[in-house]
Structure formats: structure tokens, C-alpha cells
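The chains carry the letters A, B, C and D, assigned in the order they are written, with residues numbered from 1 in each.
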Amino acid sequence: MSDRTIGVGVIGAGYWGPNIIRALAETPGAQVVAVADLDPKRLATVSKRFPAVRTTQDHRTLMSDHAVDAVCIATPISTHRRLAEEAFAAGKHVFVEKPLAGNVADADAIVRASEIAARTLMVGHTFVYNPAVETVRGLLRHGVLGEVFYVDSQRVNLGIHQFDFNVLWDLGPHDVSIILYWLGEEPIWVQCVGQAYVQPNIEDVVFLTMGFPSGAIAHAHLSWLAPSKLRRTVVVGSRKMAVYDDTLPAERVKVYDRGVEAISIEELRRSYRAGDVHSPRIPETEPLQLEMRHFVDCINGDALPLSGGEAGTRVVRVLEAGMRSLRTGGARVPYRIEGARRPELVTLASIGA
Amino acid sequence: MSDRTIGVGVIGAGYWGPNIIRALAETPGAQVVAVADLDPKRLATVSKRFPAVRTTQDHRTLMSDHAVDAVCIATPISTHRRLAEEAFAAGKHVFVEKPLAGNVADADAIVRASEIAARTLMVGHTFVYNPAVETVRGLLRHGVLGEVFYVDSQRVNLGIHQFDFNVLWDLGPHDVSIILYWLGEEPIWVQCVGQAYVQPNIEDVVFLTMGFPSGAIAHAHLSWLAPSKLRRTVVVGSRKMAVYDDTLPAERVKVYDRGVEAISIEELRRSYRAGDVHSPRIPETEPLQLEMRHFVDCINGDALPLSGGEAGTRVVRVLEAGMRSLRTGGARVPYRIEGARRPELVTLASIGA
Amino acid sequence: MSDRTIGVGVIGAGYWGPNIIRALAETPGAQVVAVADLDPKRLATVSKRFPAVRTTQDHRTLMSDHAVDAVCIATPISTHRRLAEEAFAAGKHVFVEKPLAGNVADADAIVRASEIAARTLMVGHTFVYNPAVETVRGLLRHGVLGEVFYVDSQRVNLGIHQFDFNVLWDLGPHDVSIILYWLGEEPIWVQCVGQAYVQPNIEDVVFLTMGFPSGAIAHAHLSWLAPSKLRRTVVVGSRKMAVYDDTLPAERVKVYDRGVEAISIEELRRSYRAGDVHSPRIPETEPLQLEMRHFVDCINGDALPLSGGEAGTRVVRVLEAGMRSLRTGGARVPYRIEGARRPELVTLASIGA
Amino acid sequence: MSDRTIGVGVIGAGYWGPNIIRALAETPGAQVVAVADLDPKRLATVSKRFPAVRTTQDHRTLMSDHAVDAVCIATPISTHRRLAEEAFAAGKHVFVEKPLAGNVADADAIVRASEIAARTLMVGHTFVYNPAVETVRGLLRHGVLGEVFYVDSQRVNLGIHQFDFNVLWDLGPHDVSIILYWLGEEPIWVQCVGQAYVQPNIEDVVFLTMGFPSGAIAHAHLSWLAPSKLRRTVVVGSRKMAVYDDTLPAERVKVYDRGVEAISIEELRRSYRAGDVHSPRIPETEPLQLEMRHFVDCINGDALPLSGGEAGTRVVRVLEAGMRSLRTGGARVPYRIEGARRPELVTLASIGA
């Protein structure tokens, strides 16, 4: 069905929805045909900019619209599962904004629904489609950095405080999805320390740490309370080191030929290598565009989702573990709960899929 | 005795000792009269630059030298206690390089010895004498930043790996001494996650977190494995935020008039303040010079040590707690061990001081 | 007539025209009613995004459109005079993209036409509406910087090479309009050195210098051949100094409390002041939006153009002088040609305006 | 005579002299044996740090000192010629601080004296020994940058105002010596615009431009009146571009793979290349050390001065031309005065050297 234009319905026209609509408007092979939102003002704004798009306050209108092949869900996290299940039940392909769900059970249910419906499920981990992130992944894949020692990320700025979830769920999906994508492994343990300053029980500052089977650790400072915007991630490898700074207008990825050459405690000698710094050219295509094109490719059967249901669930699992750690004063908690089996697999087997 | 020139003996002429010698050479009211080191080559270098200074391979020569009023100890940590005790026993004033000792028991013993000898004990927490650090402290003192929410510090670079202690003990004293000085309170708990990559059991990367009675938390990333040198500390307060970046040639302290104005969950409203940025002028005097002058003032009875035995012990206590946390997989541990009494106070009482 | 919505026609939908259309779409009191361009593809793009706008390949259709009260001209420089004269003849208000014209004679003619038609003429010197530029002007107005010694500007990047005029006419209007606005005076002399590397006779690198009656000099480096984009302007005053860097995401204007305190050749003494650095908050409104709102205000009689015909002519006069200097090997040339009188004034008198 | 230690006498212990003394103290094969200065306080300071060095207020003592093989002249410019001539007459090798002299006639005389005495003459163009400058020269030599289009340099800071010469003579020697070294050619013309703000007739801000036979132009902004220190030089070549920023703690040289691919006026097409950015590792040896070692090598006959009398004279010739241009309102003046012959060559021929 790759020659047909995919009709897309977007649910949620608040903060991020309009970006999806705009990106889809420029995506070959896709067309936004309908937008649903509870707020008529938002729908009016959409209509003004895209007069040909049908708008509705009732998302079920969109679900039953035969011109809608795929649904993009850009609504509050707590609604993701219900809306995704409805969409799969109606035979639609589904794109869910990050994070996939507010807990692993919901994420599993969404994955299950997509498997039963045999429809594409993709999660909006936009950074996985960021050419700079891809560049670093290439460096890792090709062994340029050697074995990864650790990853350290700073993702901080002033606001925007959310009311229903903390900064771990707001900014965390970015770093977790990037780090899991880069390392290609799931963590063993998760640790999360944080504090709620402005609103009770809604942490606005957290420090998240993950330990991996390879020995690598990853650390992220996430904050809504910071004087200036930082988006800086360092990958320290045994051979080279890379810095990815998303706030820079140019040279967003730098590779440092730096490392430890030799340490000899016998001779009390330490020698370091400090060579050239290289900044590879990064293509300037907008990540959201690349993500939407990939969604179309997946629906058309030309690709498998880079950020599919499994990837989305892994991120939720880290965040859920992070919450357990936060609630127990920052204790180190296992990524997988002892004795828990991956329910989706069991269920899939039981239904004979 | 303030008119007399203080004769100083320096033990240890390795990495840091020569800096102390140079700084003392320019300190009014002080004069380096003797230097001890086991390595004759180092002594030869000292002699070449300072021909008038007596050198010896036996530190006891220096301890019994009547021209020596004060001793500066710049030797490996494990020797601090023994040398300090000898110096106090010989009636000398003592300056000990940071950290004061490798454990609280040793630190306490040194403090006790200074009290018994009634001689000045000062610890080389040079950053406490850094005009930029003092500027931030002034902002905190005068309420410019409001209540402190959190402090986040990055102190990372490539090397220099130590052989006998980890990066927590090497770089940690700087951040811990700065943070305790700024906040004016001792932590309740300490948490430390780290990894040893290059040498077994010698962590080269750690993330240290401290929780304080006021509700503030402080976090520091310390690393010998980083592509570029970072010395950046952020203080987020309820009224303003400050950044202290020690790598910059100018504008090392910036005060951001940024904050949260109002968050109303009822009206789903959030408003932020983003005002001017101000960078106060920082005097350019070298911190080490100021530290040495302060040491002389303390010996002369004109001041009390800003980084005395108590302050030095508090830093060691944090590091020791950090080690306990590290060894238990990053668990949150109390700053003070339950039931432990401050031995120095007991002892002081018992000796009737 | 201030309550009526101004109908605007835009001529030229190439590089800059679409930006004007978009900005006008969000300007209260204005509405784009028609767009003219020779290229039907560009018109199709406009129609797709703004279906209600009439499009035409013949600009005369737009000129005779009664719904069109004002015309925005975003066409090649050589067409500015003819189109502006037609528009004024049709009784329209006119906005002309910078530079106003390719020579002073044409600029004068346009100003004359606007005066005869008694219609608003405004030139697209967008930077004059930039809040950062306004902030620096405020510093100058209120004497914060003292007397201006000199202004130095770097406006360089790679490309975009123009085919019909050089970098002086492409990037120069920005700096010249900013500097004349700040200093509030016209230069006495102009000097311009340059070289054409990529295309014969089309200078891609020039250094422009202007001397002012106050003694101030202004210098600008303009280039299409540079490794990275620079937009940095320094204003050195007798009391303070300011830097305006338009490439920064924040702190785009910095005021340095730096200067010379005293220089005494008798005592061979020099003393400098190096105080605080202050970065005032800059409103984030888009300059183009502010410019379009100002155009509407001017048409409605609520304001006089900040970048009117006179201001636009002054910029052209500097560029024309710069060309004379360039063609004579960088000689210093007078801003006003000896004996030349301002023709528009003469003409205005003769027509009894 | 390469095995013998060179005895060096230093004349002038003001601002720069002590740096030379310190550098020589660490130079193998050289030893400072005597220092002359009119000011006894300065001599006392030298004695304190270097007790073995003989000091004198009469430079003739040093000239007649048989232990002195070479003389370093770090005195005011106006004294260079007389002192150098005396030193050569006494059979010494001579190092003269930059600029070699205050006019070409004096520079020529010094060169002549060195030739007659057959002794080494070296000029203190320290930047020519800077590893970053050498790195850029390597890029040029090996064609990495292609043909040089232009060089643009910013060398500005606040102070230090000189009393007897302007900023062109103070900061200009650095850029001129670097640029002539890089380009390997002498300019055809020189142009210089400037202004004296703080002291009458002593320009504190100048813009210097040079045109070269190859078509390259070079431009330098030199200023004692600037809010922050800039040391940034851009080299734009036909193949790549390089930036040398001496204020950075790392990555002081960056090579940008950027350029114009094709410009076709027929097809109205322009295409640019924006590839990787590379920052080669720069050795961290101090330039002054390298310079002093080179001076020793030259005296020992192991090398020819990289910054010898000819190179020093070329710099003076540019500065002298710059002064002519400044005094005539920034007119373009020839580098070589019409009809002037290089006197030193004539003289050399006449003496049969």
C-alpha cells in the first residue's frame, strides 16, 4: 500500500500537537485529515492555519473516520493507553507521544493491543531521529569511542513545570531513550535522587543514574530550575570521548582523541593522550520531519520502528524504576522487578500470536 | 607577636609543596626557612630557586629547627596525622594540605593535638579563599539568592589519576569545602555512586549527593575521565540563581534574575521571571596568596582560621560517608554515624580545656 | 482611520516576501489581501498556506486593487524606485525592503514621490526594530556609555553570494542603519576596502569605515566568506562599553563597566577601571513583527516612521559613498558630494509642500 | 662552539625583561650572567630571585663583560639602534625585542651592524615561535587551505596605553609578523585608519589593511580600548578556512572544511560546502622558551633566525607605511617608497660582504 497517501488524525492540539501537524504537512505520503481536541479555541487555530483539515471535539469522530489510517496521540500521559487501545481497535496505526505510558502495565497493554491489531506502534522519542544522536551512535557502532565507560547528561532549564508529573517523566524520556539507543542494552539497576521545590511531591530537580551489564553507567541531571538551558551529553569511552551539545548553533558533536595511555602503579607513572578534536558535519534535517517520514515508512511496511513499542516500554520501565528509587530516598533499585515476567510475551503466547 | 616574621618549614616538595613555597615567598610576615623531602632531586630544585632555604631529607631536622615557627604539610594523606602530631608536639603551628586526613578518627586526632598544643591548625581548602567563592557566599549571606534549593557542581578533567585514593578524595574536598562554606550547615545524609575504570578499586568517576537540614541538596560530578576541563557550580535559590565557572578568563560569577513567579494548579498557570544577568567584578588576587596571608594572621592572633580543624574534619566526614555509600552500591548513608559522639569534644572536656 | 483594517499587497514572494506575509498575518489591524510575483510556483506556495489571499503575476493588478491600502515591495533593488513610484501614484502607502534604492538619486525620487502623494514611506531596516538594538540605543541616550569613541561590527558568514550587488549592499544596510540610529548623526567621510574573490567585480569581503562629526568612527567587517557566522557589534564609550552579539541565545547585550580612569604621562601612570558586567533583559518579540505593527501605526497616523524615507536615503548615501571609495582603492571620500544640495528639499519647496 | 654555554646579558628589566630572564634560566646551553637597568629597584628584584646574576645600572659594564656572549635588548624602542650597534661593536650576538626599531632607517642600520660584526641578530617576534601559529603555517604550506583569500585579525583589550608610541607599534608587530610569516610575501600597499581618544596623537584604536601581490588582503583591528580581550585571527582560503584564537584554553586552531563549491550566474545557482571542523592538537611548549632555544641554536650556528634582521625590518616597514597612511587620513600608501633602494644591500655590496 506504499503508493497511497496515509490519512492521519491527530488527537491533542495543545503544546506539541501543532508541531506534529506542521511536520506531517511537509511529509511526503501523509496528509492530516482530522484533528480532535476538547478545546474549541485550539481547533480554531488549527483551522485558520490548515483550512482543509476537519476538526472535532470528540476524538471518536476521528476514530471512526475512514479517511484516517493512522492516529497521532499528543494528549496527557494518563490518556495514552485508552486512546491507543481505541485506535488499534478501530484498525488504525498509532503514534504515541513520549512517554508511551505512565507505567509499565499500561505500556505493555498498548504493545499488546498493537500486536493483536497487527498495526504499527511508534513512540515519539524524537531524539532517536536527531542526526546528531545518530552521529554519536555511529561512533559507538564503529568502535571509534571504544568500550563505553560512562555517559553523563545535563538537561536543565527554567520550566516548564508540569502539574501532573515530575521532571523525571518530562525530560527523562529524552535522555533515557538516547542512552538506551546508544548503548544497545538495558540497565540492571536504576537510582534516582530528587527534590520538589515549587510544587509539593512534583520533583523539579532529579539526578538519575543507571548501571548496565557492560559495566557502563549513565547519569542525567534533569531540572526545571536552572539559570540557563543546558543540553549537553558526554560519552566517555576507552578510546575516545564525545560531547553532544544540542544548544550550539554548530559543532554539536565533538570527538576528543583523549584517553589514558598507561597507568603503572609500580613505576608511579601515568600517561595520557590528548590529541585532535574533530567535529563531524551533522545533517540539518529536522528530527521531527525524519520521525514522521519514518512513521510513514513503517506503516507502508518499508521499515521497522526505531522507537517502537518495545523501545517505548523500556523507557517507561526505567522511569518507573526511577520513581521507586525516588520514593525510597534514592535507593538503588533493580530495573526489572524480581520474579516479574514480561506479561506481553506470556499473553502473546497464550493468544497464539 | 605580630611584628615578628614567621619562620615556616615546608614538608613535601612534590606537586603542591613548591606552590606553597612560592606563595610564602611573597607573603608579608612569613619566610620559608626550611624544606624537607625524601627526594634529593626535589630539594635540589628548591635550592636552585631559593638558595637561602635550608633543605633536608629528614623532616625531624625541620621539626627541631628553632627558626621554624610553623610547618606546612604537603605530603601524602596517610602521613598527615603523624606529621601534624609531631609538629604540634614540637610546638609548631600547622598548615595541612587538603584533605586534613584519610578518616575522621585521624582528623579528630589532629584537631585534638592542636587544641592540646594551643597552636593554630589550618587546612588547605584553597577555594574557601577564592574571591569568586567569597562573592557567591556574599550573595547567599545577603539573601540575594533567597533560600538555597540546590547546588550542582561539575569538576571533571582528564587525570591526574592517583594511586592510593580515588577521585572522591582528590577532587571532592574542593566541592565539599565550598558547599559547606556556602550553606553554613552540615549534611544529614550522603550518597555516592561511582565506578573504577582505569585502576581496580580506585574510582575515577563519582557522583556525590548530600542532603541538608534546610532541605537543600548538593550534587557534584567528580571525574578524572572527561574530554574537557569543567569547573562549573550552579546555585539555584528561591529568588535568584548563580553560576560560578572557574575556567572562564572573566565573568566567573554570574547572577541570573530568574525564578518561578507563580504556579497555580487550579488555573493551570505557570509564570517565570527571566530578568537581567549580572556579573560582579571579582578581585584577581591569587587564592593561595590570600590563604597564606590568612595563615600568618591566624598565627599572629589576628584572625581565626576560616578553614580550621573543625571545617577540615567536616569535609573528611563527608568523604568518609561517601566511601561508605560507594561501598554499599550508592545507598544513602547518614553523615553522622548513629550513636557516635564527637570525640574531640569529649576529650577536650576531659582534659579541662 | 485607525479602526479600519489595513489591506496590504505584497510584491515579491521570493526569499524575504514570505516572511513579510507571515508577519503581517499576525499583525493586528492589517491583512494581506494580495500577493504579486512573476513566478507562479511561488504564488502557488503562498496560496497553499494562505488560501484567502489573491495572487497575481501582474503587480499592476495589485496596484489597482481597491482593497489594497498599502504595498510592501520585496523585489530586487533595481525595481524599487519604479514600483514605489507606481504605488504612490496609486495612492498606496509603501514599505520598501532594504536598501531603499541602489543609488541616492533613486532614493530621493522615492522620498519625493511619497511626499507628493502624502503617503507613508517606510524602509525595511528590521534591525532598528530589534529590541537588543533598542536596548543599546537606550544606553546611549541615557548617557550610560558616555561619549561614543567607536563602534566595531563583525557581520560575516559563508554566503549567500548575490549576483547583482556586492556584500556592501547586502549586509551593509544592517550595520549602517544600526549605527546611524545609535549615533544620531550622519558621517562626514566614508572609506571602504574590499576584494572580489568568487565572482569578478562582486566584492564578497569589505571593510567599511565611517567618520562622524562627534569624532566617533565606526567600522564594519562584512563578508560572505567566513568560517562561522558572526554578528557582533562593540560600542566603546568614554564611560562604559557594550557588546551586542546577535548570535547568542541569551545575554545578547552586555554592558562592561570598563574604561580608562586616568593616564598621566608626567607620572608615567595609567589606571583602568574593570568593574561589573551587566546583561539587561531583552524582550523576545520578533523584530519583524514590531516593524509591521509600526508600519500599521504609521499608516494610521499614530506614529512617524523610525526608518522612513530620510533614514533610508542616509543608508543609501553611505553605501554609494562606500562604492566610490571601493572603486578608488579605498580612498577616504566625503559622505556628501561637494556642492550637492539635497534635491528633495529643493523640490519640496518648489512645489510649495 | 656549540658545547659551550652562552653567557647572556639582558638590558632592561621592566615589563618584558624579567620574562626573558626567566625563560633563559630554563634554556639549555644558555645562562644569564648580567642584567642592566637604570632603575635599582628592578635590579634588586632580579637579584632576589637570581642571586648569581651580576646587576648594573650602566649597560656598558655589561657590554664589556667577557662572560657576556649575547645581549638581549628589552628597552624602549628609541634606544634599540644605539644599544644594538654598541653590542655588535663589542662582538656580541643580539636579540632585540619587537619591534626591531622605530623606523626603517634604524632597522637597516641594525641589520648592517650585525652583518659587519658577523653576529646573530634576532628580533623578538615571539608569535612566530608559537606552536599554534606554526600549525596554521603548516596548513598553508601543505595547501590545506588552498590559496589565501584574506586574513582578518582582532587584537584588542583594555590597555596598556603606551606614552611614546601608538597601538599600531604596540600590538601591530604581532599581527604583521604572523601574517608575513604565513603568507611568505611582502605587501604592496598598506592602509591604516585610526583615532586617538585618550591621549592626543597616540592612536589607541587602528584598523590596518595590507594588500599582497598574490591578491590576498590582510586586515587587523588593534585596540587598547575594548571591553574584553580578543586574539582571534581568521584565514580564509579557497579550499578551507582556519581560525586561530589565542584566548582559548583548548582548540586554539580550528580548520573548517567550508567553502564555495560553485556559483553560476547563468543558472542563478550558488552552492556551498560545509563539512567537518577539525582542531589539531597544538604542542603546549611556551613560545618564549622555543624562541630562546632558537636564539641559542642560531648563535651556535645550528639554525638561521626565523625572525632575523630582514624579517624584523619588514615588520618595521609595514608599521612605518601604516604611520604614513594614518597621517594622511587613511590613504592607501605603497609598502616600498617609490625609488627607495634597500640601503643595506647597497652597503653590503660596497663593503664586499
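Here, contacts are C-beta pairs under 8 Å (C-beta built on N, C-alpha and C of every residue); 3 or more make two chains touch, one makes a residue touch a chain.
Please read these numbers as outputs of a predicted model, since none were measured by experiment.
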item	value
Of B-C and A-C, pair with higher C-beta contact tally	B-C
Chain at maximum distance from chain C, centres defined as averaged CA atoms	B
For chain B paired with chain C, centre-to-centre distance based on mean C-alpha positions, whole Å	55
Interchain centroid distance [CA atoms averaged], chain A/chain C, Å	43
Approximate Å spacing (C-alpha centroids) for the pair chain A, chain B	41
Touching two or more other chains - residues of chain D	228, 250, 274
Complex contacts: residues of chain B adjacent to chain A	149-150, 152, 154, 158-161, 163, 189, 191, 193, 195, 197-199, 205, 207, 209, 215, 217, 219, 221, 223, 225-228, 234, 236, 238, 241-243, 254, 256, 258-260, 263, 265, 268, 270, 272, 274, 329-332
Chain C partner contacts - residues on chain A that touch it in the complex	49, 51, 228-229, 247, 249-250
Residue ranges of chain B in contact with chain C within the complex	250-251, 257, 274-281
